[in-house]
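Each chain carries a letter (A, B, C and D) given by its place in the written order, and its residues are counted from 1.
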């Protein structure tokens, strides 16, 4: 059981990969080692069953099993559970299951096909009515996948009207202007300041932190970079943070490739000892020998660069 | 238990609506009365858990419950179960559950994002490998929802290579040329002729029957029209069939409206006594007083026209 | 020179086809005969260079040539010219060219990619500023092509703020509820009532007229039906209007097919003597022998049905 | 007049920005200074009127004016002109205008809505037939904008059947596997090796060069980096090339942001003295004070890093 998510959340909420064995079974042992790996990397919390990754390939039973397993091992770190579903009743049911299992809050993306500012507002009004005031909610803003645009104006209406909305998972592209615009809007008397964690693989993390983001919610395979960058920013060392970020940027950029990105991410997690197999459940992408050699060369370059910067790159899993 | 689906399937496979009570619970009693209603209308088979309708708002348990309930009451008529899922393992699992429950076959739509003729072929090759040769498969071709185009060339490769592919659910738009093209391609020595049932609410049913379709797989709220049109065509009375079709065309056209169409369909089924409530599970569309008056006026016009044509319009549920 | 478009516009504004010779040249002689044909059918006005049809295959010179040719022959009937363009400066330039040539107003669709209610409002505010108060504007609401949803709330803001916005070309799908909603909103004190003409091939024309539409703006190849249906409605003979509409509905439905619809429309216009060739500029769809026989059979059925109804179907071009 | 484009093309073909004055007029003087700037940066050729940028906001007259202006100042470097258009006749006409003006070849993207491998092949077969064998053609593969996927199999059919297809502008995402796959396919006896230049802002340029790309066709505001990276690779200094690339990567990544990217690019070109105004023609994005400060900080970081690497960063326009 973790304490509930609030507007004060910050830092790195890692989007956990879903490990499978080589024959495609859910690998609960790797769920454990991966959770431990993320904790060693210093993450502040977890996000499970998000839109990306392979959660949509799990059965309902496997999903809740993963949630429970991670919560049991999270050492009290908050766990957010993705509960987006085509039916509101299922959103409600999944949310209650997650909260009963000890989640800190739930994350809801709008269903494809919502139309207009009012259509979007009304959907979330229904969601909040169905969940009740006691379940903290994260708005997942990922229009590249949902096709639904969240305007700052609608977000502010939702923040003003529903106290359980405590966080924005920010993943629009381009999104820097929206982020600044939402933070500026919070100067309005009476408006709450909600937490904003950013996605998109962290590709614009330094810029987003400068514009008021509170941290990252993404699944980059070197979470310790995300953690250190956020920590350096919080300590007022923005330039140093960005230097570190830039060292990893070639890999960050490599991992944000559509389709193949997840295969690369799991390959790195596998090489780092965090999971027993890089396999995806079918249908999934896989790496060629060329892909693997290319990735390896990038890792060598990263380590060389970190070493040159006087920074010992340690495999967190060691 | 029904016998397995084959290339010889024909007639009307109704896409069954999913009935809920006024408070949103799955209404199994209405599943029974609706099944009986469809049978009285003369349907040849059933299609459950398709892409449209509200199957995606059911839990996994509810889904299989509906499947079993309809099969138990279908009087041996074949039941096809939609098993499309993001994960192949789930496609396999759902298919086996459906077949064990007595289904005649399964229906699989391609997942969004497949690219190119080869990408599509390879996906289905994986599906057929996962399901094995004993489960008859319907290809659901509905690019308006999936974004995946099926070319005649790819379909023919699949038909030639996988004997378990026995039916095309044809719902592309425009689709008349594709239908003709596939039928022409069957003149190639050694190629099987598969069954083709058409969707799109039946909007082009007479044209499609003339071009070689074997029937309809759709959910129009007056299934007896679909049944009679198919029967008249089979009896060589094409003009008479089209006369009957044209009488219903204003309602067919009304029901194919996106978003609101399902609300209209359930309202008609409710008025005809087939289900206890026209309610959809949230989030769903609902009818205004204007919508209802408009629908009622159309039904009055339909009955007047059928009466004028010397045809007694009987409510199947009476 | 025609008088300017106002909120009082009503009836049928035909979306004119663009005729080409068999070798693909713009066929100005057929532009003349087609214009005459439309006038004989009783249309109230013309819409040129809309999104559909083949205007986008014309050169800039050909486009303005067509506009001038139709205006010269329109007998004073108002001509609306589509001026949508990726650049605002081009929207302005095309609009002025059209007005100088004698157009009654211009039609503007939103560019793909506009986001949120405010994004849409701001775009049109820029358009209105660029065009000035003297050019009447039609909002073309066709989200199936633009991907941009117009909410009633945004439309009302635009109507309240910009007097030059005098008409809505209504073509959303589903759109009946939006139409009713906009008409209801006009009961607000001080709000103007704008003209609403409907598209979508006229597929829901009777329902839309009952809900407050003022007529049709579409290109159905039997414009006399659109004209008579609107006239009968205006004369309080709604049921008679719908009887007539229903007689043509099989063809209306046939012509709304994506991709192939335009080929069918030009084929009918060609058979009716309105244009010298049914050819489209490449790349375009063309009809097979099966398509042509199917169309011919539908026309025979239409004529039989009209004759049975005691209505002499006259080819307007005769 | 430049010599015609061949399969041997390589290096950097810069996608030229379109400069406007502060009041939105085409700025031909800046076209000149920008062309000079690009040449000082070392580009091997130019690409004009591509899909991105603001070419679609030009009038037809302005477009050809820009083409002539750049060709006149290009010093014999090859100029490729984008000629994609909804009408094939316009593709033909624009291509001939471009070639008469001295272009080295034309670039054609598939129109949205093409379906299936055969649909794509047939479209280009029509294009090649319309252009004749004398005009070199670049296939612009940018599915993020067109929605049309090019499979390696279709590209190979086109290469095998049409000698005038000499280059692939590669911009799919993810695209690394496709690039490798096409290069591997060229080992087939008798198949030509065509040039491949890569886009996507150069985000994966080192990886793409290692996989067989011949250079870049993109508009990054520091073209000298693209030029040097290509040159170092050609000289066998891949690691050094990648070091240089990585120094610019934060800016490369910043500039690939949708919507705002072009504003950033023009701002940099303006700061570097290449154009007189960073203004876009309406409707366009613009930069806030925050955006500008952020960009400036990135440039400072870049210069610091280049200096640290012992590399004097010279403003090419100085």
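Quick note on the criterion: a contact is a pair of C-beta atoms (placed from the backbone, for glycine too) under 8 Å apart; a residue touches a chain by one contact, two chains touch by 3 or more.
Quantities reported herein were computed from a predicted structural model and do not represent experimental measurements.
Peer 1: Among all the other chains, which ones are in touch with both chain B and chain D?
Peer 2: A chain counts here if it touches both chain B and chain D, which gives A, C.
Peer 1: With over half of the numbers shared counting as same, classify the chain C/chain D interface as same or different.
Peer 2: same
Peer 1: In angstrom, rounded to a whole number, how far apart do the mean CA points of chain A and chain C lie?
Peer 2: Their C-alpha centroids are separated by 47 Å.
Peer 1: Taking the mean of the CA coordinates per chain, how far is chain A from chain B in Å?
Peer 2: Whole-Å distance between the two chain centres: 39.
Peer 1: Counting in whole Å, what is the centre-to-centre distance of chain B and chain C, each centre being its mean C-alpha position?
Peer 2: 34
Peer 1: Which positions in chain A touch two or more other chains at once?
Peer 2: Correct list: 259.
Peer 1: Please classify the inter-chain touch graph. Allowed labels: line, ring, star, complete, other.
Peer 2: complete
Peer 1: Sort out for me which residues of chain A touch chain B in the complex.
Peer 2: Where chain A meets chain B, its residues are 24, 54, 56-60, 85-90, 93, 111, 113, 123, 126, 130, 259, 281-283.
Peer 1: Help me check something: in the complex, which residues belonging to chain C touch chain A?
Peer 2: Its residues touching chain A are 115-119, 149-151, 153-154.
Peer 1: Provide the residue numbers of chain B that touch chain C in the complex, in ascending order.
Peer 2: 173-174, 176-177, 180, 203-204, 207, 210-211, 239, 242, 246, 249-250, 253-254, 257-261, 288, 290-291, 294, 301
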